[in-house]
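Below are structures written as structure tokens.
Each of the next two complexes has chain A plus one more chain, namely chain B in the first and chain C in the second.
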Partner chain A sequence: MTDGIWVIAGIVSLLILVSGAVLSYKDSRFGLISAIIAVIVAFIASSITGSFGYVVFVLAISLLNIFSLEAMQNDIKGIDYGLVGLIALATMFILNTDDLAYVLTALVIVSVPTYILVMLREGAVDVEIGVKYIVFMVFATVLFLIGAIIIASGAEGIMLTLGYVMLVVGLSLEVGVAPLHEWVPDVFAAADPIPVSVIASIAKIVPFVAAFRILASTPDVEIAAISLTAVIAAFSMFVGNIGALTAREHARVLAYSTVANMGYMLTCLVAVSVSVSHVSVSHAHKEVQMAALLGGVLLLFANAAGKIGFFNAIKGEGACSPLLYTLSFSFIGVPPLLGFWGKFFILISLVSAALAAQFHWLYWLAGILVLNSAVSIPYYIRLARELGSCWKANITNYIVAAATVITLITVFLYIPVAWFPADIGSIEIPISLPAAGG
Partner chain B sequence: MNEWIFPVLFLVPVLSSIPIALAYRREDIVRKLPPVSVAGIFISLVCSLYILFHEEFMDKSFSYEWIPQLGIDMVLRIDYLSASMGVITALIAFIIAVYGLDYMKDDYRLPWYWFFFNLFTASMLLVVYSDNLFLLFVGWEGLGIASWGLIGHWYRDDDDITFVGVPERRLGPLKLWWPPSLGGWRAISTIRFGDVPMFLAIAAIWMLSEGHNLNISEIDWESLFLKAGTAGTIIIFTMFLLGLFTKSAQLPFSEWLMTAMTGPTTVSALLHSATMVAAGAFVFIKVSWYIKPWHLHDVPGLEFVYMFVLFVGLISALYGALVATGMLERKVLLAASTMSSLGLMFGTAAASYWIHPDGINLALLVAFWYMAVHAFAKATLFLVSGHLIHATHGRFSEGDSEFAMKMKPAFAATVIATTFLVGIPPLTAYWVKSAMDHVFEHLIEHGMLLPFLLLISASLCYSAILARFLSLNFFRGGRPHHEHVEGCPLMKLGYLMMVSVVFILLYVIFTHEETHEFVAAGLALSSMAVGIAVTIAYIGAVFKPRIETLSKIGTFFNDRMLLPALNDVISPAIGFSVAKAVNIGNRGIDAFCNTKVMPALFDMMSRAIRAIQTGYLKDYTKIVLGIVMFFLIMGALWGVMP
Partner chain C sequence: MIFLLLVPLVAVFIAPLLSPRAASWLSSIAFSVPFFGVLYYLFAGFPPREIIFSAPAPVGEFYIFVDGISAIFSLSICAVSAMVALYALPYMEHRFREMGVNVEEEFRKYVFIYNLYAASMLWLVHCGNLIMLYVFLEIMLITAFLLIYMYGYGNRQWVGILYLIWCCIAGVLTLVGFLIIASENGTLSLDAIERVGIVAWAFIFAGMIIELPGLGPHVWLPWAHAEAPTPVSALLSPLTVGLAGYIMLRVALIDAVFFKVFTVPIFIYAAISSIYAGFSVFVQTDFKRLLAYSTVSQMGYILIALCLLGAGGEAAKFGAMGVSIQYMSHAFGKSILFCSAGGLIALFGMRDIEKMGGLHDVVPEISNAAVMGFMNLAGILTVGMFGEFFILRGVVEAFGMNLAYLLPVVFIFILSGWYGFYTMRKVFYGRPRSSVAASHMSAYLFVPLFVLGALSVLFFFPPFSSAWVPELFKAVGMGGSSVVSGGVSASAAVGGGLLP
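Let's turn to the complex of A and B:
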């Protein structure tokens, strides 16, 4: 029943996007309107199928991305809205399937539009950036897909470990985890801030959710391989945060901040793999997964809101100071902002995994995460100070204000804990890996 | 049972002082309101008398829920000590309040004065009746704040008559004169120094007592001490005693009491002679009453503690009496004698450890009775002193027999108060002091002669200094430079009422069963010999209050043997050196974490991280391919490992 709803909604949304894109040759506003309608249709369909908490955030973030494109002129004006709409559709859809093929398709659908978006700039196309970005994205996607398929083929022993490593390395390359982050500072600094705000926000969600869903269904991963992921995560946190401390360009600071945030995210996958492969008590297993997922998703949303806000502030050459400080505090993890809850649940997942599996190095990982949050304080405050200005009634300020509201939502409502557990179930459903069952 | 009496007892004095406190902007109203505050204290007095004379209250605890999470309740206990001390406190407070109506009538800060005066009375009553140490501590802190407020009452420091010490007198870095504001600061800083460890001791008692009990009368002290061990017992008791010693101005914490004389005389009489300073000794007596140390000779460490208190008390007693022999300031002389009396109370109460009673421990009873007699007699002397300062407009002793004839009530009150207090037979304190001699004679049997010798020396000295006070103010102090002897009826009424109580106490000693040992001790030959020696010292000092050949020693004593240096030079020097050391440490930490080492390190690492960003795709491809290959090889190696 629910699958049926999604098939219809998906087709309708795609049709709307395509027709909007075609009509936008006439007038770019068709592109904007069709993207908004398509995203809302997908949102309604997803809400019915029962993951409201997740999709409402995705809706908010994708609408911000779409509206922020208003702040730039480019050669494909009108179609750019459709590209973001497509990413949004895939991000919502990924929860509505338990088929690996669809999950991987969603990943590709999210990845490809960013190849085009990254090249856009005012009145021109930047091919050099495009090449730099696409080379790594293609490599990343290939590694990820091969890794996922090896795992799904029911591999054991050396092949399973190789599949796991490929998946993690592919993901790291895709989202920009150190030491595979080299493209991130260059692309973030050279490309136009608006497309970067899309790449840095909504485009980060699907790779992680896909990896999460695959790894949550993959038992028997060697602890050595999992600890390699932990080392990469810790390394990425340090590289990102320390690299950002002395970076002067704001876009580069945000690039290193992304590297750090993706390090935090990788720790969720560590917790999940530990629980699936090394925790036998089912309720402890469940607890770790839930916390990891909750923390990971909330951190992705906090990261998305913050990146959209800051890149728009760069685009608009400054934004209202108090708003930027709020976004900075969310990034740092000051309660009760959204960013705090993300880190909080990730820490819970690490500590419960450490308790359940008796792996003491997980406490160290949690400690490194906290330490890194402290290291990040100076550069986030510096960003807010340098980009902060008076309120001006322009599109970028409105976008920053809306992004701030997202990080503040946990102040007004008891959202993270109350909304998600019920919804998260749909992310948790194991993906049917055809051969793994046998 | 009329338990409503407790809230009335504690709250009415505070509530009755609120109108005058609130009316502080309206001078005309303020002048009319002091009697309301006095009436509040009178109600407390009636309540305390009601409690004393109603048998149904006696030896009972009254408990009200307070902090159930910690098992702490508001517990009041009426026993021999608290019932009597409650009346002593309320009665003295009331008489002094009446005196204060006259004495303070032209003061510039009446709301402040009456609010703190009444807050003090309520706090003191809380200390007296509390069984729970935490509740007691609340009252205890009330005493501290009221003391600070009242000593520094004349905060403008604009009248030399309110100072202590000889103006402009210096010895090296040490200034030997103190204004009221400094007196207030010295009091609160010394008392706080003791209160913090005392609070920690109470916390430790809560931790160690059976079922986290803080009620003095219910704690199983023996098991608590055994649980704490020798070192634990000594540490806990010493921390607790720091609170008591600082409040009761025992060595080396006596300085604040001397400069507390910068406050109004009513304050000196109530807080700094009769009640607040006695609270330290009172709490020690009360705690010992229930610890029953004479039964706990098996508890290691306890003997050390009681020995410690015994000697601190007796040495303080001798020190106070000695320094007073060189003093000429009326109130400061009395303050030093008060310190001496408090030392005797501590010393005598500590002697209870070696006394094995059938009923009430004689040592504790004597200490308590001495506190009672001292309270009324010394308060009288302070009130007289206030009137003398008022009449002569000077704080240094002066006056001759002609002046004495003009100030008959003051003169009479002084003669009675001094003779009844020093231990001249057969007046009130003689019987109490005889019992005290008896207690210390008992210590000789335990091989301790020194305490007895200290007691006798302090007593003789003490007798001489009070005689000296009488002589220098009414016989041999010369013509006063200024005389204003008329008026002040309420002041005269105040000290005459106060001194009359010593006759009542004499009557009680002879008519009550628990004090019959006092009478027996007074009739002993040895006591009579001490009594005669005390009398001779008294008469001698009346006729020869100053000895010129000893004036250098007198000056040294008047400078309190340079003990002020501890408060004014040594402690600040220690404080500043600690502050300097902390500052150096802070700057080191700052340089390491914030300005030099760590920032440079992070800077270096950050530049290294950013150095790989060459901008060339070929460089990045090599790095990424290399790393991916490395990871895959690592994965493969782990995969083949067993």
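Let's turn to the complex of A and C:
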């Protein structure tokens, strides 16, 4: 039934997107309107079949991404809205299915449009950046898919570890976790800020949710492999923050901030693997997974809102100062802003998992996460100070204001501590892996 | 109760729409409403807790409440915030003109952040969930940072960042402690937490010792408190830092295992902190920096009182009372003193005490107010006298008539009076070192100081003291505490000569 509603809604949305893209050759506004309608149709279908809380955030972020494209002219004006719309559909869908094939399809649907978006510039196409980005992304996606398939085939022992490592490495390359982050600063600094704001925001959600759900369905992963992931996570946090502290160009600071944020995200995968793979944590199995998923998606939403805001500020050569400070504080993790709740639930998951005797070292991972949050303060404040200006009534300022509203929504404490956890709690996180017998 | 707390929050958004004068008065009234409300509860009895909503584990119930402890903290916060809001009118106008910015426009921003800052402190002492408490703690820190960063003196941006980094480290360490509590108890609701493990305590203590601060992590405080605009210093030093003591007190009333294990080391550390900072006062030449070191010394009192909670029994009760009363006394005293220092800055642009002296003849209003401030710190005929009494009584209960413990505490009390009178002599009495002429002084610069001074005396005498002392006794003996099983009743305290 659930899949049925979604298949119909998905087809309708795709038809709307394609029609809009075709008609946009006449007038680019068709592309804009069709993207908005398609995303809203998918939102309604997702609200019926899955987590309302999750999709409402995705809707808000995707609409911001779509509207921010208004701030740039490019050679495929009109189609670009459709590409972002396509990413939004897959992002909403990822929590609505428990089928591995659909999950992996969603990953590919999110990845491919970014290949085109990254090449867009004002009145031109930057093929060099595109080639660099595509090479990395294709490699990443292939690694991720092979890893997922090895895991799904019911592999054990060394093969399971191999599948796990390939999945984690593919993910790391895809989202820019250090030491596989080399493409991130170059692409973020060289490409136009608006497409980068898409790549750095909504496009980060699906890879993580896909990996999370696959790993939540994968027991018996070796502790050594999980520990390695934890080391990579910690390394990424340090590399990202040190890189951001020393970078001068705003886009590079944001690129390294992404590397750090993806390190935080990787800790969610550590917590979930610990919870499903080791009996000693079974007392808190469900709680650890739920806290990790909650923290992960909230941090991704906070990252998305912040990146959209800052890249639009770069595009508009400045934005209203108090808005940028609010976004900075959210990134730093100051409560009650959205970014805080992401880190809060991630820490809850790590601390809960750390209660098991052989995982006490997760306290250190939690400590490193906390330390890195503090280290990030100077560069976020610097960004806000350097990009901050007076309010101007233009599209980039409106986008920054809307992104700020998203980060402020958790001021109503009921949302992050009661409503959203209850909403996400209704989702069955593990998916059906064929070899596991569904 | 919740409506009382909502009044300052509403003022946060309305005040920026008004002129500076109207905004100042509105802010002052907004904090006076909960002040009188809590005062009413003190005499008429406290209302039951009000649940805002329930969240799934491990967060638990969000509720607000008022008991004897939170009432003392709340009254201090409301009174100081209300009075400093009025004091800030001429001061911040002077500061904005000095900075060369549009006074009216900048005052709107200032009053928004100021009210949010003060309101977050008020909510912090009334919320019944550790995560809610943490949220208000961070709002408080960030708003204070913004005020320093935007309107401070000297290298204000550097000082602001210094303050922010230290306080964020303090905040997150505390948060990790809270998270461990959440994992161990499945809730963060204050009345449902059953135990606080030593690891959780270690994180909370490490975080709060930065915030309090103790000797060592205190490096940020003299900078932040001295370079902040004076109305902010007048909240930062008297109210904000002491809230670290409140947080530790609340956690210790649930489970004081950490203080039990480390009673003596913490006592020694607190005494050294207090004495070192007390002597540091004498070598300062900047008036506000001098007051900042005095704050570190006074926070040593609070830490001594807190470590008594580890001793259990009556010592714990007296310790808990000492923390609360010391907070109130320091709040009144130090806000008066910072405002006095600010008055000299606004009138004469003077901060260097080497250039002061004989100012009593020029600004007797400020000089007399400063006397009241130091009387509070020294515990002379003000509510501070209760604070010193309960701390000393707690030390006797915990360690007996052991001079090794008693003498340092008595010496610290004497030291406060000593540096108080030293400062008075250096700044206000003696031979003038600069030629400054008397000029017109706005009543806003000194009347709020006298109101605070009067309150500190009023709270010393009945019927106020006979209302709050019993309620404080009830609060420290209330609910699942492992430290307050002893049997000193409120009536015994009153009848036993604790009250004048």
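Quick note on the criterion: the second predicted complex is superposed on the first by the 420 of 438 C-alpha atoms of A that agree within 3 Å, B and C clash if a C-alpha of one lies under 4 Å from a C-alpha of the other, contacts with A are read in each partner's own complex, and residues count from 1 in each chain.
The definition used in the following text is that a contact is a pair of C-beta atoms (placed from the backbone, for glycine too) under 8 Å apart; a residue touches a chain by one contact, two chains touch by 3 or more.
What you see is a predicted model, and the numbers here were worked out from it, not measured in a lab.
Q: Specify the outcome, clash or fit, for chain B and chain C once both structures are aligned onto chain A.
A: By the criteria stated at the top, chain C and chain B clash after superposition.
Q: Once chain A of both complexes is superposed, is A:225 in touch with chain B (first), chain C (second), both, or neither?
A: first
Q: Contacts for A:242 in the overlay, against chain B (first) and chain C (second): which applies, first, second, both or neither?
A: first
Q: A:136 in the overlay: touching chain B, chain C, both, or neither? Say first, second, both or neither.
A: In the superposition, A:136 touches chain B alone.
Q: Output check: A:332 vs chain B and chain C. Expected answer is one of first, second, both, neither. What do you get?
A: After superposition on chain A, A:332 lies in contact with chain C alone.
Q: Between chain B (first) and chain C (second), which does A:340 come into contact with in this model arrangement: first, second, both, or neither?
A: It touches chain C, and chain B stays clear.
Q: So the two structures are superposed on chain A. Out of 24-32, 96-104 or 132-140, which stretch of chain B collides with chain C?
A: 132-140
Q: Chain A residues touched by both chain B and chain C?
A: Common interface on chain A, chain B vs chain C: nothing in common.
Q: Can you tell me which positions in chain C touch chain A when the two form their complex?
A: So the residues of chain C touching chain A come out as 52-59, 62, 131-132, 134-135, 138-139, 142, 146, 157, 161, 164-165, 168-169, 172-173, 175-176, 179-180, 182-184.
Q: Along chain A, where are the residues that touch chain C in the complex?
A: Result: residues 284, 287, 325, 329, 332-336, 340, 344, 347-348, 351-352, 355, 366-367, 370, 373-374, 377-378, 381, 385, 413-414, 417-418, 421-422, 425 of chain A touch chain C.
Q: Flag every residue of chain A that touches chain B in the complex, lowest number first.
A: The touching residues are 131-132, 135-136, 139, 143, 157-162, 164-166, 169, 173, 179-180, 182-183, 185-186, 222, 224-225, 228, 239, 242-247, 252, 256, 375.
Q: Write out the stretch or stretches of chain B touching chain A in their complex.
A: 602-603, 605-607, 609-610, 612-613, 615, 617, 619-621, 623-624, 627-628, 631-632, 634-636, 638-641
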